[in-house]
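Per-chain residue numbering starts at 1, and chain names A, B, C and D are given in the order in which the chains are listed.
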Amino acid sequence: MQYRRLGRSGLKVSELSLGSWVTYHNQVDTTAATEMLAAAFDAGVNFFDNAEVYALGESEVVMGQAFKALKWPRLNYVVSTKFFWGLERDGNTTNRKDTLNRKYLMQAIDGSLQRMQLDFIDLVYCHRPDPHTPIEETVHAMSDMITQGKALYWGTSEWSAADIRAAWEIADKHHLHKPLMEQPQYHLFHRTRVEQEYARLYEDIGLGLTTWSPLASGLLTGKYRSGIPAGSRGALESMSWMREQLQDPARNAAVAELEKIAAELGGNVAQLAIAWANRNPRVSTVILGASKLAQLQDNLGALALTPKLTPEVLERIDALTKPLAK
Amino acid sequence: MQYRRLGRSGLKVSELSLGSWVTYHNQVDTTAATEMLAAAFDAGVNFFDNAEVYALGESEVVMGQAFKALKWPRLNYVVSTKFFWGLERDGNTTNRKDTLNRKYLMQAIDGSLQRMQLDFIDLVYCHRPDPHTPIEETVHAMSDMITQGKALYWGTSEWSAADIRAAWEIADKHHLHKPLMEQPQYHLFHRTRVEQEYARLYEDIGLGLTTWSPLASGLLTGKYRSGIPAGSRGALESMSWMREQLQDPARNAAVAELEKIAAELGGNVAQLAIAWANRNPRVSTVILGASKLAQLQDNLGALALTPKLTPEVLERIDALTKPLAK
Amino acid sequence: MQYRRLGRSGLKVSELSLGSWVTYHNQVDTTAATEMLAAAFDAGVNFFDNAEVYALGESEVVMGQAFKALKWPRLNYVVSTKFFWGLERDGNTTNRKDTLNRKYLMQAIDGSLQRMQLDFIDLVYCHRPDPHTPIEETVHAMSDMITQGKALYWGTSEWSAADIRAAWEIADKHHLHKPLMEQPQYHLFHRTRVEQEYARLYEDIGLGLTTWSPLASGLLTGKYRSGIPAGSRGALESMSWMREQLQDPARNAAVAELEKIAAELGGNVAQLAIAWANRNPRVSTVILGASKLAQLQDNLGALALTPKLTPEVLERIDALTKPLAK
Amino acid sequence: MQYRRLGRSGLKVSELSLGSWVTYHNQVDTTAATEMLAAAFDAGVNFFDNAEVYALGESEVVMGQAFKALKWPRLNYVVSTKFFWGLERDGNTTNRKDTLNRKYLMQAIDGSLQRMQLDFIDLVYCHRPDPHTPIEETVHAMSDMITQGKALYWGTSEWSAADIRAAWEIADKHHLHKPLMEQPQYHLFHRTRVEQEYARLYEDIGLGLTTWSPLASGLLTGKYRSGIPAGSRGALESMSWMREQLQDPARNAAVAELEKIAAELGGNVAQLAIAWANRNPRVSTVILGASKLAQLQDNLGALALTPKLTPEVLERIDALTKPLAK
């Protein structure tokens, strides 16, 4: 496992990291989570990604219990959370949902710290942009979390390049803590934002990337090539919105070809997809998701494939996927 | 009930809100206050307005007890207080009354938090301008309340446009928290400040408005058309200063005509007056005052009238009231 | 008693105030101090001046005990302390004496708060200039006391106009709390600094003055006209350095003439001298010192003389004293 | 003992000070450390240098226990620590070692405070430059330690002039606490950085110097002239990397000549070397290291030699050492 600076920061994150989206509490209990965190940590993973909204707070509770059981020194791991959607799905959700206003953010960080049983969270993200809150209000609140010692660094997730730059400039003008990293979707079929939209930000403001969905929600494992298998993420009721996309014929055909390339290199298609995201030097860490220990261990096999992605191999991969990517 | 951004901020307040001026402690005890807060909340009201000076602190005590009884999640409601007049009416009141100096403000916020039994107050206002304190001193103190986590946003009440802009510019220069909202009197007979004096501030600094006295202290209910009824606000000893104004013949005659328009639209004149204030897109929320539950529920009926205020109806209302307004 | 803004600030101080220099602990115990504080407070005095060095901390202890006994609401009085000389007179006094460095200042404020049993001190002063500490270091430390809530306003004592302006400019540049007031010696025989050196600062930065020694250490009471009376301040061993000055023949002769003017106006020379300092509109408050209640009450009689200081009277006073003043 | 301002700051440090590098915990236990601290303090030393990495935290523990036993008033001594290498030597040391990132620094200061049993540490240093962390991130974290009251002043150790200036400019731009002092190696055979590279910084930013290794790890005591004596620092396993340098023939020959000069002046070569460093007015304090009380007392004898370093003597010393120095 290699470690990379998170953007221009001095914080180093493992090239592969472990997220809890979808899986925790829903598919993974504290015992299983602890087992997987331990395995990842032993393999060199030092960054564990979370969010307030994952399982509506329960994902933070599970991860917090696992940290407590594992007793790692606090300097040895980096943990994140993200704010935007809130925890409430019913009743009057004004100021509790889909917002980055000061009221919500200042209460949200306290809730996350309590659920995770931590004194501070390393990375806090604005989980989505909020067009109804001025960027200055959000920047001030995120920076205040750092000043108050509740967080160390802050960033965004799925923000436009223009909004990220605006946030950075506002922080610079008012001498606040600047946004450091962005968490975008990034995989073989979703590349434009990372490769084009953000291009100037890497140099200009030192933006780091913690990318999610390297396997395109499982499409890049090949398991959706013949429909939705029972027990898969695509079979979850809450994930029904992505079923059509998972069964896209052209993409699944491309996956079949990628499987061959992976086999040539001595791996499988999931490992190839992860290695492909990991080979981008702008990516600080590729966040893996896993509902089973075996799956995590298989995914970590991507490390062996990364150095095999020669320019020639990358060209073959691009020919198959770029025309189908956005 | 609709929710509007408080000025340019990301905080959303209900278009109608509930204040405790005059009524709490004087006419309304904790039980009645709790009942009215609950009814307002159930109707969608999320902003509850208060001030240190209302019933000399007792209004904050009553509202705090009501919040405690109601057990709403803290994210679900927005509460305010205001500082200027202090709590003392006798003895040497230097630095305790009619001031916005640092000494008074830093002690006032602590007193309000204690009386309300809250960890923070969402909105804190400078209740009036203080020509004897530099705006910079006041801006620094109000901003410090936010930095210390005791408040979330700050604003002014009945300040001139020039002073509001000065406060905003000073905060911007020194990287402090900027004033966000103003609480002006605004009703059919009091319109100049909101409609003309503040005109540039809405765009330039994103000023929000939480308006008070939509019924002109009851004049716009029509109940003062034949004198001061016993038990009305105008009959309170402390309100004697406004009795003459409440019985102004020309205005009461206009009210009689407004009653007819209200009846045409299927409401009463109070509902019409509230709906009229509410229809102004510069107004973030119209603060209602009520001493009885029935009155509150009647006033909330204004929501049904708001969409009926067509340009034609508004023209008729203007013709009746604009010449009598300041 | 009238109240004046402390410089351009919104804080109001009584035109006459009470200091504890020399007297507390040395000549005045807690019981007597409490009695005099109560009498001054009843007469309208709201500012009580102190310093760490007065009786090496004991003056703060005595005043703190008096406050505790008197139970005044905290908003009703303004209290000060000052830092520079430290509390230690023997051993290695590096960084503990004659300094305004950060190390000393940050520890000094904590000591004063503890001795006075207060949560915050209204006014904190740099008791003298320190040419061996950069003004920026001192400004940052004084401002930090305010940010931390341990003090409300800060100022200087016996600083040059150039240093005061430098401190103000540094605070403005770095967005820190600015110095507000200066405590200079000011009496009929010591006028240049207040009347000439600081002239531009009143308008340019809104400097306020809390002046000390209105009676020129007793010279202006007339009691040193025939030598040093036993029991007087001049008889204290620690005050021996000023004995010669107290017996200056020309000045004592002028005092004899002033006594006649005072008698014409219905007062005594001490009252005249205090009234003279008080009549300067640049002076926010004249700090009185008293070792006995009767003396304090006599001095407060100056209030009656102030309005009698007509231009004609002031001219006569100037003719007598200006040639002998520095 | 004389006291000098630490650079342009108002903090005064003794010209000779005592460090705990190498010796504490390894060669010196708490009893011996307490004895040496007491002797140094009695001789006028007021600065005691430490670092997190010295004996991996144990040096801080030992010094903290000694302080506790000695019960000096906190204003009477200045204590330092330094951060960079971390405490861990095995396992995954990402973010725990060789870093000045925010995550490490914010945890490191808390650890040092706990080990030293202190409320604040006077001087905190970045123990080495970290090319993998932006200077802005480090400046913000170091300044935050001061804002939080955990430290009073911050500086660097073995940083380039360019990096020190960059840190100062960033702090000035963002109104943060500026770096004040640098801790460079400085002795007769290591002079370029102090005498040439930093030359402009003394005037431009008021940089102070706390220099280490005045005896070139013992070379300048003459004791390595005939090999590595048992029990010497050079005989420690952890110091094996410097053995070759300690036995450099040309330098040891120069030491033999220096011994003669020292003898002429009535001292020994170690005292001469310390006096030579001390005579540089850019040096705020020369940090001595000692594993035995007798050695410390001998080194303090350098004070008597300093005034004897006339221009003529300095020329003779330069002629012997400058050609061999870097």
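The criterion applied here is as follows: a residue touches a chain if its C-beta (ideal position, glycine included) is under 8 Å from a C-beta of that chain, and two chains touch if they have at least 3 such contacts.
In UniProt terms the chains read A, B, C, D = Aldo/keto reductase.
Worth saying up front: this structure is predicted, and the values here are computed from it rather than measured.
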item: Shortest path length from chain A to chain C (each step joins two touching chains); value: 2
item: Same-residue or different-residue interface between chain C and chain D, half as cut-off; value: different
item: Chain at maximum distance from chain A, centres defined as averaged CA atoms; value: C
item: Inter-copy rotation, chain A to chain D, in degrees (Cα atoms; steps of 5); value: 90
item: Whole-Å gap separating chain B and chain C, where each centre is the average of the chain's CA atoms; value: 44
item: Whole-Å gap separating chain B and chain D, where each centre is the average of the chain's CA atoms; value: 63
item: Contacts with 2+ other chains: residues of chain B; value: 175
item: Inter-chain touch pairs (all); value: A-B, A-D, B-C, C-D
item: Chain D residues within the chain C interface of the complex; value: 3, 5, 8-12, 14, 44, 46, 73-76, 78, 120, 122, 147, 149, 152-153, 175, 177, 206
item: Chain B to chain C touching residues, read off their complex; value: 86, 88, 91-92, 94-96, 99-104, 106-107, 130, 132-134, 137-138, 140, 144, 148, 174-176
